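Have a look at these structures, which come just after this line.
In what comes next, chain A is part of two complexes: it sits with chain B in the first one and with chain C in the second one.
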Partner chain A sequence: MSAFLTYLLNGLAVGCAIALIASGLVVIHRVTGVVNFAQGTFAVVAGLCTSSLLGLGFPHGASEVAAVLAATVAGLLTGLAAIGKPGVTPLSALIVTLGVGVLAYAVEIVLWGDQPRSAPGLAGAVTVAGARVQTQYLLVIGVTALTFVALALFFGRTYLGKALTACASNPYAARVVGIDTRRMGLLAFALGGLLGGIAGVLVTPLRPISFDTDVTLIVNGFAAAVFGALTRPVITLAGALLLGVAETMAAGYGYGSHQLEIALGLMLIVMIVQAGRRTTISEEPA
Partner chain B sequence: MIEVRDLVVSYGTATALEHVSLDVAKGEMVALLGPNGAGKSTLANTLAGLLRPASGTVGVGGRLALIPEGRQLFPDLSVADNLVLGGWRSGERDPSFVYELLPRLAEVARRPARVLSGGEQQMVAFGRAMMSRPSVLVVDELSLGLAPRVITDLAGHLAALNRSQGLTVLLIEQNARLAFELCGRAYVLESGRVVAEGDCADLADDPKVAGAYLGGAIT
Partner chain C sequence: MIRLVAGVLAAAVTLALPAVLDDSALAVYILLGLAAMVTVGVSLLMGYAGQVSLGQGAFYAVGAYTAALLALNGVPPLAGLVAAPVAAALFAVVIGLPLLRLRGHHLAFATLATQLILLSLAGQLEFTGGDIGLQAIPQFGVGSVEFGDAAAYAYLTWFGVAVVMLLTHNVITSRPGRALRALATSETAAASAGIPVGRYKLTVFALSAAFAGLAGGVYCFYTGYVAPGSFPVLISIQYIVMAVVGGLGTIWGAVAGAAAITLLVQGLDQLAGLPGMPSYAPSVLSYAVYALVLIVVVLFLPQGLVPALTGRLSRTRTDPPVETR
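Right, the complex of A and B next:
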């Protein structure tokens, strides 16, 4: 039972990291219509930056914040490459984000080499209802919860957040009232970078990060985002937590090498179900 | 207030407006009539700066607000948020003057725009445009799909704002009867060209215009 609880809490933490990646995908997709395949890269950039900064002797806190800022800048640059030119279709922009991801590999290998790097996180473990859990896992859950509350407040309460929602809700009307939808799209990309960066900083102490870790991250994040139809943050969060728990349980009970397959399998099932549902809707008589 | 000269607008190879010229003086209310596909909404979007002319010029003195065809609200946002976002350009963040003008909106302020009736949605579109504190208002299809009572109501507000605040209005309508009632002058647009223009009284007497837009009822 205590093993189960440990797996559950660990799984929730993994799910939280997935949720951060996925929410970045959702924010960008809602505002710009672009599926950003460079989303995992932002986490990798932040993870590698943290490891370097801590290695250089910078203190905790400052290193993590700087790493998240670096990921935010990476998000903005990806946005400029993908939607910077007016009139780019979401599909071409998607291809550009794939290209950015590959380019990032080269940059990361030049800067950090191709070996996995880790970073020290919160040391120690605590006992929760008889289950031993690493403190870092609890930190991941806590920071993610705070991030989601901040996101909800930003989109629900602030003028800028409402303007972003307006772009997602009706881009034409947003332009009618004078909102620069391209600039809002860039802001969404920067926000995606920020969210990916937070995920990277949180995850690096738990599993070492290398230049190609983005594949695992984006597959998991995309699976959760597809669960929320790429538009619904709350369902995305639920999907991510489910995925994290399912993977950790599988690993815990002896199927550790099949974690990615579980994410891919779940994603395929969700996509098939949703495609079926969409066809049913479109086949309904007008 | 609005000065359009020799305007050409195309979508790819298709030309939507061909050498259109049009004037609306400060404080004037002018109608733009025409069938579907004549290029009326293209002209509205060009005036609002959402489409770029292929050639010709568009001049607008002062801030222009557009009430787009089909209302085009933000369906997931509340009525209040729809209004407040209308103040993006003007910096106006307090919709209470809109609520005074349209008290019904104060009652539904917290509801998402998508659940409102057509008439209420048009009120929101109207209020959202007013939040930008415009000196020129372009209304694309005020009456489309609305009940006669709602149309009379909104038309009354429009006329009152025109009288009391000198709001310049370009009213794009398929309902020529309503347009002639509200406006002094009108342009008729067909297939991207202005085919008739003048005082509404004269246009109503023109058998071609009357036949096409008033069902030949006025003789």
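Right, the complex of A and C next:
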């Protein structure tokens, strides 16, 4: 029973990290219509930055914040490449973000080499109802909860957040009332970078990060994001938690080598079911 | 007339090259031909049918593993080579039935996921040899004639390229080809005009998979071994880059794109191998080049090299560019 609880809490933490990646995808897709293949890259950049900064002797806290800022800048740069030029269709922009992800490989190998790197996180473990859980896992859950509350406040209570939502629901009307949709798109990319960066900083102490970890991260994140049809953050969060728990349980009870297949298979099934439910009229974007 | 002369000239050069190239250059020549074979399929799928596949490497792998397994179990190599595209096409039909209901970025992710699942399975299953893969695949041969040297494989490869190009040309100029262009712009409109959208999409998907499977079959006989590591996700991205650079929906563009990227990467490998370069130089250079070429071409030459050049030369082309989404 206590093993089950441990797996559950660990799974929730893994799911939270996935949720942060997925919410970045959702924010960017809602505002710009672009699916950002480079989303996993932001987490990798933040993770590698943290390990370097901590290695150089910078204190905890400052290193993590600096790493998240680096990921935010990476998000902004990706946005400039993907939607900076007017008239680029969302699918072309998708291919551009794919290119940015591969370009990041080159930069990351030059800066950090191709070996996985880790960073120290919160040490120690606590016992919750008879189950031992690493403190870092609890930190992941707490920070993710705070981030989602902050996101909800940002989108619901601030003018900037409402402007972003306006772009998401009707770009034309948003332009009519004087919102610069391109600038909002770039802001969404920066926000996506920020969310990816938080995920990366939180995950690095739990498992080593190397330049090509982004494939696993983006695949899991996208799997969660399609639960929410790439537009609904709360369902995305639920999907991510489900995915994290399912994967951790599978690993815990001896199917560890099939984690990836489980995530991918789940993603495929959800996408196909959703495609079947869509009506013909909404299938044709202008 | 100019087209005919150019075609004959290209064929003559293609046939003459294996006789004059040395072994290392021949290896590049063969890999170029294999990439061209796959890229023609990608170009057909993306440029004409408007479907994005980020998992073309999966079909390449299916073809290679099929031919390798058959050859290792005593089946004549020719039968193995024929089975490779057939198996890839069958696999495409099986996964295409559910997956082709998806569109745009969903389809892109689904095909990528298919390749990841396939590679992971190939790395774990017994009969595919796990992560080590299959080794000591016999040489290709027809009857008692064995393909010993690289020149023979070069001819085999480019014969395959010619077959693939001819097939694609015939598909494009036929009635189904026009139907494909129609469904790429609007599936609803195409369906209301009486085009069996689902069946045509599946057929093109299977055809492009068969091209990749054929290339995979030749590859496994030429190198003599296959492993999951031979088919990374990057290889699928590479085919997209080649198709986009050459110009989606043009047959010659696909070949030109494959040639341009293969030669560029080869040149960079030589550069990276020079003394004094750091050990990570080859991978960094190839990643950077793929990425930069892809980004620049998508943003600034959305029609690709060949249409941009021919458009500059003649300006008589009246048919509008195929719109892809």
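A few comments on the model shown:
The rule is short, and it goes like this: the second predicted complex is superposed on the first by the 278 of 286 C-alpha atoms of A that agree within 3 Å, B and C clash if a C-alpha of one lies under 4 Å from a C-alpha of the other, contacts with A are read in each partner's own complex, and residues count from 1 in each chain.
In this text, contacts are C-beta pairs under 8 Å (C-beta built on N, C-alpha and C of every residue); 3 or more make two chains touch, one makes a residue touch a chain.
No experiment lies behind these values; they were computed from the predicted model shown.
Superposition of the two structures on chain A leaves chain B and chain C fitting side by side, clash-free.
In the superposition on chain A, A:A163 contacts chain B only, with no contact to chain C.
Contacts of A:G113 after superposition: chain C is touched, whereas chain B is not reached. When chain B and chain C are set side by side, the one touching more residues of chain A is C.
By the document's definition of touching, neither partner reaches A:H60: not chain B, not chain C.
In the superposition on chain A, A:R232 makes contact with neither chain B nor chain C. The superposition of the two structures on chain A yields an angle of 90 degrees at the Cα centre of chain A, opening toward chain B and chain C, reported in steps of 10. For the overlaid pair of complexes, the smallest distance between C-alpha atoms of chain B and those of chain C rounds to 12 Å.
Residues of chain A touching chain B in their complex: 159, 162-163, 165-166, 169-170, 172-179.
The touching residues of chain A, when paired with chain C in their complex, are 35, 81, 85, 88-92, 94-96, 98-103, 105-106, 109-110, 113-114, 215, 219, 222, 226, 257, 260-261, 264-265, 267-268, 271-272, 275-276, 280, 283-284. Within the complex formed with chain A, the residues of chain B that make contact are 48, 50, 66, 68, 72-77, 81, 84-86, 88-89, 93, 128, 132. Of all residues in chain C, those touching chain A in their complex are 52, 98-99, 101-106, 108-110, 112-114, 116-117, 120-121, 124, 186-188, 233-234, 237, 240, 244, 280, 283-285, 287-288, 290-292, 294-295, 298-299, 302, 324-325.
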